[in-house]
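Structures incoming, each one as structure tokens.
In what comes next, chain A is part of two complexes: it sits with chain B in the first one and with chain C in the second one.
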Partner chain A sequence: MRKSKRSRRRRASPTVRSLACTVASPASTKAKMALLDLFIRTCCILALLSREDFQRIPELAINPLGDRIINAFFSEGEDQVNFRGFMRTLAHFRPIEDNEKSKDQNGPEPLNSRSNKLHFAFRLYDLDKDDKISRDELLQVLRMMVGVNISDEQLGSIADRTIQEADQDGDCAISFAEFVKVLEKVDVEQKMSIRFLH
Partner chain B sequence: MGKRKKCKLRDIMEDVGIEIDGQVESDSESEEDEVKDKRSKKQTRREIVRANRLERKKSQKNKEENESKEEENCPQQSRASRRKNHRMKRNDGKKGGGERDKKASSKDEKESENKEKKTNMKGKEEENKQKKGRKNSASSNSSNSSDEESLSEEELAMLMEEVEQKKKLISTMRNKPWRMMKKLSVLREAQAFVEKFEGALGKGKGKKLYAYKMMMAKKWVKFKRDFDNFKTQCIPWEMKIKEVESHFGSSVASYFIFLRWMYGVNLVLFGLIFGLVIIPEVLMGMPYGSMPRKTVPRAEQATAMDFSVLWDFEGYIKYSALFYGYYNNQRTIGWLKYRLPMAYFMVGISVFGYSLMVVIRSMARNANESTADGDDDNFVFSWKMFTSWDYLIGNPETADNKFASITTSFKESIVDEQESNKDENIHLRRFLRVLANVLIICCLCGSGYLIYFVVKRSQTFSKMQNAGWYERNEVEIVMSLLGMFCPPLFETIATLENYHPRIGLKWQLGRIFALFLGNLYTFLLALMDDVNEKLAEEDVVKNITRWTLFGHYNSSMENSTATPAPLDPADVPRGPCWETTVGIEIVRLTVSDILVTFVTILVGDFIRACFVRFMNYCWCWDLEAGFPSYAEFDISGNVLGLVFNQGMIWMGSFYAPGLVGINVLRLLTSMYFQCWAVMSSNVPHARVFKASKSNNFYMGLLLLILFLSLLPVAYTIMSLPPSFDCGPFSGKKRMYDVIQETIELDFPLFVAKIFGYVANPGLIIPAILLMVLAIYYLNAVSEAYQRANAELKKKMQLQREEEKNKRNNKASTNSMMQDLEDLLAPSTKSESSPKQAEDKKKDSPNQASPVGKQEKAEVLNSSPIAAGRRAAFIPPPHVLVTRPLTPGTWAPYPQPRQPWPGGRPMGPFPGRGRGQPRYIHPV
Partner chain C sequence: MGAAALRALPWALLLLLGPLLPGQRLQADATRVSEPTWEQPWGEPGGITAAPLATAQEVHPLNKQHHNHSAEGHPKPRKAFPVLGIDYSHVRIPFEISLWILLACLMKMGFHVMSSVSKVVPESCLLIVVGLLVGGLIKAVGEKPPILKSDIFFLFLLPPIILDAGYFLPLRQFTENLGTILIFAVVGTLWNAFFLGGLMYAVCQIGGSGLNHIGLLANLLFGSIISAVDPVAVLAVFEEIHINELLHILVFGESLLNDAVTVVLYHLFEEFANFEQVTIIDMVLGFLSFFVVSLGGVFVGVIYGLIAAFTSRFTSNIRVIEPLFVFLYSYMAYLSAEIFHLSGIMALIASGVVMRPYVEANISHKSHTTIKYFLKMWSSVSETLIFIFLGVSTVAGQHYWNWTFVISTLLFCLIARVLGVLVLTWFINKFRIVKLTPKDQFIIAYGGLRGAIAFSLCYLLDYEHFNMRDMFLTAIITVIFFTVFVQGMTIRPLVDLLAVKKKQETKRSINEEIHTQFLDHLLTGIEDICGHYGHHHWKDKLNRFNKKYVKKCLIAGERSKEPQLIAFYHKMEMKQAIELVESGGLGKIPSTISAVSIQNISPKTLPDSNALSALSKDKEDEIRKILRSNLQKTRQRLRSYNRHTLVADPYEDVWNQMLMKRQKMQQAELQLQNAYLTVPANRIDSPTMSRARIGSDPLAYEPKPDSENLPIITIDPASPQSPESMDLSNEVPKGCGGLPPSPEEDEEGLVMRPKEPSSPGTDDVFTPGTSDSPSSQRMLRCLSDPGPRQEPEEGEPFIPKGQ
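This part shows the complex of A and B:
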């Protein structure tokens, strides 16, 4: 059983990489379709992706928040993700199109809506999933981003300051609403979009 | 409860997750769809019905597999998966029924609602079946028509309809709740169909045209994106500067940006001078050796090629097109009849004109930019925290740079922050600042007097014959000593002031600038002395030259009857040509400045860094942390060096047209050299600070130096007579006579007349007055605007603070309430959580949107625990006592707060569910 799992993984991982490449490189549409097809065939039926597969993508390996992004692909307590789960997470990054905005007025909010995109980002920071980014969580992120170059004391003051800026209800943590407020002027629709086929 | 919710969520995700599958596939077509997308609901419906039929077949096949898979994923949630299947069916039915009914598929209905819908759905399915029949016939029709080669009108129309349908299907594919496999197959089929019959719509020729148009549209989009990338890649040294910025902060980068800007300006000046003056002269003017001013004199010819002579810009270089003296005063040259003297004069003026214009324009633009986005300083740290990482970075080296830049930017913000939080004795600080300024003014006055004194002395020394080495070089020595010791002294004094480093840098720049002005003053003074001397000498030489020529011709007349052989140009005695002297002087200064700069960098930075780095292994103390350490990048010194150098260029470009070329080379090399030196051997400042967004201060210095360098040049042009035997203006009384000459000779008479009127002081003085008035008026207006702006900003800030305070107050009262409640009813606690959840369930359809709900929740209760308690029971009388304290908190959110007293859901993972599309979206 174990062996078969490993072999699955081996089959899946190059595809993941090539998918990552597809995302990054401007290849022709047809090539991408073919790639995707391959991916679907291999992944959808057989394979499950493991964390190592994700860690092989250089963008994620380098990213200080890479582990958390990878975690976002995995549901609670599982260490493998199937194609559907993979796509479900990626759906957050689908660009918002103009005609879409007007058309689905009373439907459910699509996964790629602004607030869902923001919520995805929010969850990267909210480690203990209590809907609040606390000071400790901020400190962890800071340590990952700046390493040892800034003293702990200063890091603490940065975290305090960040909370002070964003916090509106005085609970010394950043809730999702406050997070949204902070990033109000950031063009999230544009920035949190991956353009697959263009 | 939590599990159930999670599973629900999963279902939702699944539903929407499929969306992107469709999107990924269909995106390539979506552009086409947009072009020809005329909706008719009937068609969609039909199409969807067909798709539905297909789907039903497949879904039956897939059902078991699907279910088992689901169970594998979340094994204990069989109930949920069953529910999911239900939902999928329901959704299918709805979709089949017509428009994608978003309301129905919204995820927050209760079970009762579900049942209701299901019955509805059944009815709809009946409808579908009816339609299916109709549709079948249509599809069979289409297959028939595709077989035939020639199409009748009717068939064509039908085909068109079909194609439209397919397109619609493709565009709406992503919103369908189908299985992935099915979606893919349907999509592929539809795409193939559209591809095949698309062209048939336009008759024959239209096919190609359409395909071409689509291709071009796609190509155009791609091209635009590539072009944008290309444009950023084309910005010279952008990468280098970004790299420096990431390690050393924006202040050091601002120097390099300034350097790049200067390079651009100098390139334009270089093009102007070379294109309009030097190249025409070299190509069309008289060649070297044809006349005295273009020939090395006999006495100098032996050594004219020696390096030591050339290094001093004597010899052949002096008699080349790089300097003023080489140019001939011939009115027109070459077959083009190019008016070189005129061009020379106009280029000299336009160099200043262009520089002024460019400096002022960029200042204005910077000022605009700095006011444009000045209001976003509310969330400095939050933005840095949440948005600083670039998720597309995949290269380790770039990632290192990014880490460095994030660190640097945090450091910058810390410095800014410390500055704003500083609270100390304001009187003491004021006193210290005044003291520091007094000290520095004393220093400046002292050094000014010293310079004046030394220059006076040097004038007496120069008259003495046997002055020693020290006496001859006294001015230079004093100047360089001042330049070496004053800036550090100023810096030391400036620590008294305790300014923010950004403001401190400005003060430092201003002070050193004042010091260097002394430098400039002595230089100009020496130059003026030189020029006056040369002018006196010239009068003498003029006579000698005339007599020599006269004598030569006389003697040759006597000796032979033939036409006299002309005197060799090298033998003609010539004047000192003060213009060339000035030019050479400035070029020498520039070159020595370049060398000094480069050597300083090499020795002061690189050698020092090497020493510190490698001797540290075998030294008594820690070299890196201790005394010599690594050098910091000296922003103020470098900026001032650049500014003064540019002043020299402006001053000298009229008398030495080649100077700009030298400067372009200098800037180019110093860009690379300094970038390398900074990255290799400097350390970031102890207090990395953020440069102001607009480097208008640098520009201001530049403008000042431009004005200062304009003065002497204008003075010499307007009031000194040009040399009689060299340069394009020789033989004229004043240099500007060339314009008058051109107007008189080359233009019709009335132009000369008009020019005469315009030059009349009676017209000029009112014009200047008018301009002054206009400036005054505009200034007043802009000040008024600025005031209004500041007022508004202040208001906004106040509002924000107020809001915050209110919330904080309320939070504290809430905690008070909580304490009271704790005392009163500890038993209600246990009850609260499930009850609250129920409440929430009941009320959630009323919620407008997740965000709205969030905010409401925030207002109603800041801490969820307190909320839970309050939800559980009616506030006891004690609470009523506390309530009057917080009436203001409700004010900004006037929604009825009643039907929903509960807080957030208290499930084990409430964060998971939030923001997910469970609620009916209002917009």
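This part shows the complex of A and C:
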């Protein structure tokens, strides 16, 4: 059973890996698009990934945020993600390069800008997509990260404290702007970047 | 030799220190073990002739009499019984050591008084100047000033500084930049050593007759000695300029890790200097020995760290000596590594890093504070002494000044450093996500200070193989002076000029902690999806392994299961509670805090902008009645003081009361949703509270490491509650209710039970130890000392809540 799982995973993850590498290469967006079109045209079968493909990765199962991460790849209501969607999600984690900072000021913000990275993380908290992290949503995340040993009141007081610290407009929830402000000291560019060395 | 050495250790200690002191002692030279110069052991009656005056000890007059009788054979006129005498030689060594240390401390104090000078000149420079003055003074008096002996330096002065650095190493930044640090430390130092050695050899060859005889190996040895960035100097200078954490950890980490390289190169070239010919085999062996030295050092450190962590698991009954375990095990790690010529510094750092998370989870908070303060104290004194002695040794040593050699050394040191940093940064930036900007590179290059390690290493060379030692010493001292004075003094204005990012002083908030962990998990997940085993993946694996196996072995009791987030949160709450006690009590709670607790019950009520509303008269009376009646039940039980337990602190009791009050109010509030109730404002100024305010060192009192207790302590501060609900007699804290008020549950330390009942609320004069609630006695034990907490950062001020 494990062997077959692993072999299935090996089938999935080279795909995933190679897709990810394409994303990370400093080629221009246009080239990437051309590549992806070629890819899709030539390998239709592997062009779609489902949730099960992700769930086969064993480490994600023990990751407390595993389900949410998987859901982040799939857009609303869809059960399958194509290469484009996959790439969009992973592009958030490309390291910010210096030469990108100066050019293209007028164009749309690249996906791996600091703001978009933080927005990605914010969306993982905010399940109901109301642009606020409410106390319940925070509690859910805390519960996932902390485990089962801690009582609800304790988690509640931690959540209260967290919201109280971050909240500036008094709505007892963390909006995106407050989220950004709280994390201003954290080096998000470094933390939320993956260097694809292959 | 070993057994004899052990027996002779206390004597050897003093004998080693003997030559340190001025006087008619032996001349300072490069011997490792100095011969005993003064043959008089203590209390020997034969010392009569040496000691000019009669001794003050009672033994002596009698012996003297006896001796006189037996020796002389005819009765001498009896000397009068000496009421007062002088015997300086008896205490000479400890006295002089204490004098030196006292001098160092007074200097430190003096610099802070002269704040105008210390703003411009870093402390290390001032200390060297003081050393020069003292050395000059001693020389002027006619005595020979002591030179900083290498043994004393390496065995006594250096370890506290390194242990302090290693124990409080900011591990997150260190591991994130480990690759960069290693490259700078290893490749950078190697480059420096060979570049400098080679160039100095060239200079020596063309330098004229005075220098021709210095061979390549000697030059390479010189290069390896002087190329190492010195942790002491870096710490001393960088500490004052508050540079951002990345640069600090890069330069500082480099200075720590290059010890392995320095040790290897030093021993290598020292050995090779004796050989006729250096073969390839020797070079290969040298290369291998680098790995042995560094990895061996780390291994020794890890072993001792694990043993220390394991020992700390069982120290719950002997809290008083807990800090000693930390110090001893680390020091033993250092010494053990030194036995095998492994890198002692790396052993020390590894042991500090490994033992810290587990020890901190096991020891009491008081022990933690003790460790912190002792380490800071020792390292501070050590550093001061080192710099003073550098100054004194400059005056005392024999110098051989050779313009060519010294100037070219200085020049090439700087060039080598700059070139090395530039080339390595170019290489490293290919792999870094956050690149090192040219400003960063400049600071890294400029921060390459040399210090006392180079001096001591050179001092260790023996004359017979290296007769140019004096010239080396002179050159090294010049480089040290230049780096410390010129670079040390100018780095601060340069940092300001270049607008280098400074250190962020604020404390890590709970938000940051939560979100950072969140991002860790997120990134681990993404990495797993990509199949890319990066930094997060391995960190996650290590954490899991740690949680599953290691923590269970090394951490006592319930704490092994406590998630890091919870520990962090409790620590924050503790600090703020103490802060509240210190700042004068509950009356000053900012409105935002009450807002949070309000929102749980009545979202409609808006918080006042200022203090909570005052108590009405009859509510107050009711409270007092309740308190009085309940307090009658409690009895004071104060354990007698003995050396094995720590007497409870009066502040602790007050703090306990505060927490109890808060917790009571919170619980009551949850049951009833009503108007505010506060502690009457005038309670703030009770003597106890003002004493608490004056108290300088807040010692946190942790709850018992019991998961049921935890919810209670962490409740938000005083929140609205109705007077009726304040039925203190019936309310039992949730978790504490389970604990019987039995003395054996208690750790030593915070044993103070509530004292005899006084009227708690009436005159608002709290005598220390008064408790105003019955269950506070149970609470006291819950809050008694043993709770360990991880300290996320060290030395940070407590932040006031909600401000």
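The definition used in the following text is that the second predicted complex is superposed on the first by the 148 of 198 C-alpha atoms of A that agree within 3 Å, B and C clash if a C-alpha of one lies under 4 Å from a C-alpha of the other, contacts with A are read in each partner's own complex, and residues count from 1 in each chain.
As a convention for this text, a residue touches a chain if its C-beta (ideal position, glycine included) is under 8 Å from a C-beta of that chain, and two chains touch if they have at least 3 such contacts.
It should be emphasised that the depicted structure is a prediction, and the values quoted were computed from it without experimental measurement.
In the superposition on chain A, A:Ser151 contacts chain C only, with no contact to chain B. Shared-chain residue A:Met87: touches chain B; no touch with chain C. Once chain A of one complex is fitted onto chain A of the other, the partner contacts of A:Gln190 are limited to chain C, with no touch recorded for chain B.
Once the two complexes are laid over each other on the shared chain, residue contacts for A:Thr162 go to chain B and to chain C alike. After overlaying the two complexes on the shared chain, residue contacts for A:Phe54 are found with chain C alone; chain B is out of touch. In the superposition on chain A, no contact is made by A:Arg143 with either chain B or chain C. According to the touch criterion, the shared surface of chain A, contacted by chain B in one complex and chain C in the other, consists of residues 57, 59, 62-65, 90, 121, 125, 141-142, 145-147, 149-150, 154, 157-158, 161-162, 165-166, 170, 179, 182-183, 185-186, 191, 196-198. Chain contact summary for the complex, chain A toward chain C: residues 13-14, 16-17, 20, 54, 57, 59-60, 62-66, 69, 90, 93, 95, 98, 121, 124-125, 141-142, 145-147, 149-151, 153-154, 157-158, 160-166, 170, 172, 179, 182-183, 185-198. Listed in rising order, the residues of chain C touching chain A in the complex are 176, 431, 433-435, 504, 506, 509-512, 514-519, 521-532, 534, 537, 544, 561-563, 565-566, 569, 572, 592-593, 595-597, 599-600, 707, 710-711, 714-716, 802. Residues 6, 10, 12-14, 16-21, 23-25, 27-28, 30, 34, 73-74, 100, 102-103, 105-107, 175, 180-181, 184, 221-222, 225, 376, 378-383, 385-389, 391-396, 399, 403, 406-407, 410-411, 413-414, 417, 803-804, 807-808, 810-812, 849-851, 854-855, 857-858, 862-863, 904, 909-912, 914-921, 923 of chain B are the ones touching chain A in the complex.
On chain A, the positions that touch chain B within their shared complex are 24, 26, 29, 33, 36, 40, 44, 57-59, 62-65, 75-76, 78, 82, 84-85, 87-88, 90-91, 94, 97, 99, 104-113, 115-116, 118-119, 121-123, 125-126, 129-131, 138, 141-142, 145-147, 149-150, 154, 157-158, 161-162, 165-166, 168-171, 174-177, 179-180, 182-183, 185-186, 191, 196-198.
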